[in-house]
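Next, two complexes with chain A in common: one pairs it with chain B, the other with chain C.
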Partner chain A sequence: MSLTEIVTPYLPGLLSGFLMTLWLSAAVILVSTPLALLLALLRDSHNFWLRLPATVYVTIFRMVPALIVLFFAFYALPQLGLRLKPVTAAILGMVAVGAAYMSEDIRGGLQAIDRGQWKAARALGLSHAHTLRRIILPQALPLVVPPYMTRAIIMMKGTSLASMVAVGDLTAEAVRASSITYQPFIFIILAGAVYLAISAALVIFQHWAEARLKPAPMARRRV
Partner chain B sequence: MSIHLPDPPKVSIAPMVEVTGLRKTYGSVVALDDVSLTVKRGEVVAIIGASGSGKSTLLRAINFLDPPEAGTVRVDGNLVGLTEGATGARRATEIEMRRHRADIGMVFQHFNLFPHFTVLQNIIEAPMAVRRTPKAEAVATARTLLADVGLADKERAFPAELSGGQQQRVAIARALAMKPRVMLFDEPTSALDPELVGEVLRVMRDLAEGGMTMLVVTHEMGFAEEVADRVVFFDSGRIVEEGAPADVLRAPAHPRTRAFLQRVLRRGL
Partner chain C sequence: MGLPKILLWIFGGCHRRPGRPGRPLMSGWRTAVRSRLRSPVALDFSILAVVWPALLRGALVTIELTFLVLLFATPAGVGVALLARARVRGVRRAVMVASWVMRGVPPLLVLFLMFFGLPVIGYRVSPLPSAVMAMTLYMAFYFGEVFRAGLDSVPDGQWRAAKALGLSPARTLFRIILPQTIPAALPPYISHATEVLKGTALAASVAVPELTSAAKQVFVVTYRPFEILIAAAAIYALIDAVFIGVQALGERWARRRRPAR
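What follows is the complex of A and B.
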């Protein structure tokens, strides 16, 4: 049997798995991003009662394996009466973990901004929200892009965990085809190559974003 | 050259700045120990003292960037950081605090310009956001101020393209664009190379001659002597001595003032 003959019958399944992986990745990254920004801002808040829950959340979800969180969402929540579709459970679990990690990437960028920027903005009477939006975030954004995009790639690859909770993603389809045909080599290589291609697209996007968002040159203090 | 002050000061008998019993501690360190200071309208007060003596803390307490633990600050008769109600003073809300701060200009040692904004954007941002000044008016004011500080040709430059002295002059223009009642300068020339100090001091001198009320934390004894109406010497969070520059700098009464001035003069500052 030629490779083509082995693979062809499973192409529709692999294609739908690929689309599911794209959909999972996009959903997890796009839902995690605003949550992560919120968590990062809460963790830097001056208000203890805002800071505390955010810190507890980020700490716990960075300490628990993502697969355990996925299993919890898929197997344990129904025991509490919350029965989620596999895809929903997978997205929920991966966002819960991913947002915690991503918030730390964003917080690093926010903290890299000189405290003097905050002081100057406050002295001028600018509000906290205005300072964030106009002064801090635009300066933090270029600093956040490299760790953020690295995190996005990790999250995309991490969607393969969804195959463990009955989601028909690329990994699940490749494993299914392998176990039917007893030809794991070609299917696993194929799946790996597709993940590589998606990652490559994200890396290209990162380079484009970094070129677009050059960090503001640090103002010289002595000349 | 003089600095345009857009609004002529309203006639009032209240002192421009009235600080009473300010106290601030950092852990066991007393940064401000029952500090009281009155600054008349149009008066220029130079604050001198060793680093860590509390002079910068005083400026940050006046505009509540670093709120004092006790004491009151009044600017042009109005409480800063507090609101007077029927039952006494309470802590001002964040919105009230912003309004208070907008009336107090502040210039920092490290300029703290916004590096991603051009010079013009740096100056118009706060008037438009805080004072709701229409853009055309904010730009016109900014250009006048830039001309006043000798940087009319730099409005499109980014801070990183300017020398330290130019950046500090932009920072002064940015503070003035809010039409403050008083200007606080926190060691405005300490981060500058010696040859750039003069251009910043010149702008500050113009500002003083224009009638601006100024509190200047400085190590520039020459500037203090020439421009200040009064010199205040700080030591360990207290005002140890104050008076006319000639008296405090040339004939200090307090031994600590004498010791400090000797150290400073030996360093050749």
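What follows is the complex of A and C.
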């Protein structure tokens, strides 16, 4: 039996799994980003009562395995009256974990900006929101991109966990095909190659974004 | 999508405030919280009194798995770091490619590959060793990166100096170089060790009876996923807290010791 004969019957399944993985990755990364930014800002807030819940949230979700959170979203929320489709539960769980990790990456970039810039902007009469949007974030962005993209790649790989809560993603389809055909090497290595290709695409995007952000006007930082 | 459903669940019932129809959505949040707490599925943590032996057994397997993976992956990581600096170019290339592949595919796939792949090529191993092998395989490359950075923190001149003093390469490595890499490598090493701990949850997918799969087995029978998953998460957090304590100690120790320049 040749390779194509083995793989062909499972191609539609693998393709739909691939699309599901892309959809999960995009949804998780795009939904996590604003939440992570919010968490990062709350954690650096001067108000203790804003800082505390954000810190507690990030600490808890970074200490617990993502799989437990996914199980929680899928199995435990119905107990509280919220019954979600597997895909929705998976996205919810992965966003909850991903935002916590990502907020740390963003916070690192925000903290690299000299505190004096906040004071200077304040002395010039800029509002807090205005300072953040026009002064701090543009300078933090080039610093945040490398760790942010590393995190995005980790989150993309992490979408394989969705296969554990009955989502038909690439991992689930590859495992299903290999347990039917007893050809794990073909299907799992194929799936691995596809994941590598997605992460390579993200790395290319990262290089593009870094090159694009480099000439952005920046106040000189003292290194 | 499920977003409306989630929002409806959070804010649903907020408008149902007796005697005051038509209030704004958020005004009745107390009523909503109260109705949720009084719902027929009220939480009952007394179930833990029944299921704790199963969770404990799972936690012990999780600790065993973490320990075994750290035991094997640490020297493997040192090996990877040394090979990545090998004098032969082909070896360096091969290690770089392997490292890129292992860090680019989901750990879950590596676990499945070991679990389904080993029997096909004629090795029948039980789930735990196959999970240890898979996790060692991919953690070795993560640790390899950690130790490579550690080795880079020791100046190359020390190798030459040790050679000039007539020390063998092995002796140089173990007595001169490795001890000096510890301050730079320890903090990232421990944060990767907590990743190993959290990564062991994945072994649930290949039938290793560790904490996550023990929790699942128990809540599938008792229909109490909420309480049992909270308990499992608390156990993970507890073990994690030990690592974080070690990390704090290690960082304090590392600050006092920097490699000689």
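Everything that follows uses one rule, which is that the second predicted complex is superposed on the first by the 214 of 223 C-alpha atoms of A that agree within 3 Å, B and C clash if a C-alpha of one lies under 4 Å from a C-alpha of the other, contacts with A are read in each partner's own complex, and residues count from 1 in each chain.
Just so we're on the same page, contacts are C-beta pairs under 8 Å (C-beta built on N, C-alpha and C of every residue); 3 or more make two chains touch, one makes a residue touch a chain.
Since the model is a prediction, treat every value here as computed from it, not as a measurement.
Set against each other, chain B and chain C touch different numbers of residues in chain A, with C touching more. Contact with chain C, but none with chain B, is seen for A:84 once the two complexes are overlaid on the shared chain. Contact with chain B, but none with chain C, is seen for A:127 once the two complexes are overlaid on the shared chain.
Of the two partner chains, neither chain B nor chain C is touched by A:145.
On chain A, the positions that touch chain B within their shared complex are 114, 116-117, 119-128, 130, 134-135, 138-139, 216-223. Touching chain A in their complex are the following residues of chain C: 1-2, 5-6, 9, 36, 39, 41, 101, 104-109, 112-113, 116-117, 120, 197-202, 204-205, 212, 215-216, 219, 223-226, 229, 232-233, 236-237, 240-241.
Considering their complex, residues 63, 65, 94, 98-99, 101-102, 104-106, 108, 110-116, 125-126, 129-130, 158-160, 162-165, 167, 171, 174-175, 178, 191-193, 196 of chain B touch chain A. Looking at the complex, you find that chain A touches chain C at residues 60, 63-69, 71-72, 75-76, 79-82, 84-85, 88-89, 91-92, 153, 157-161, 163-164, 171, 174-175, 178-179, 182-185, 188-189, 191-192, 195-196, 199-200.
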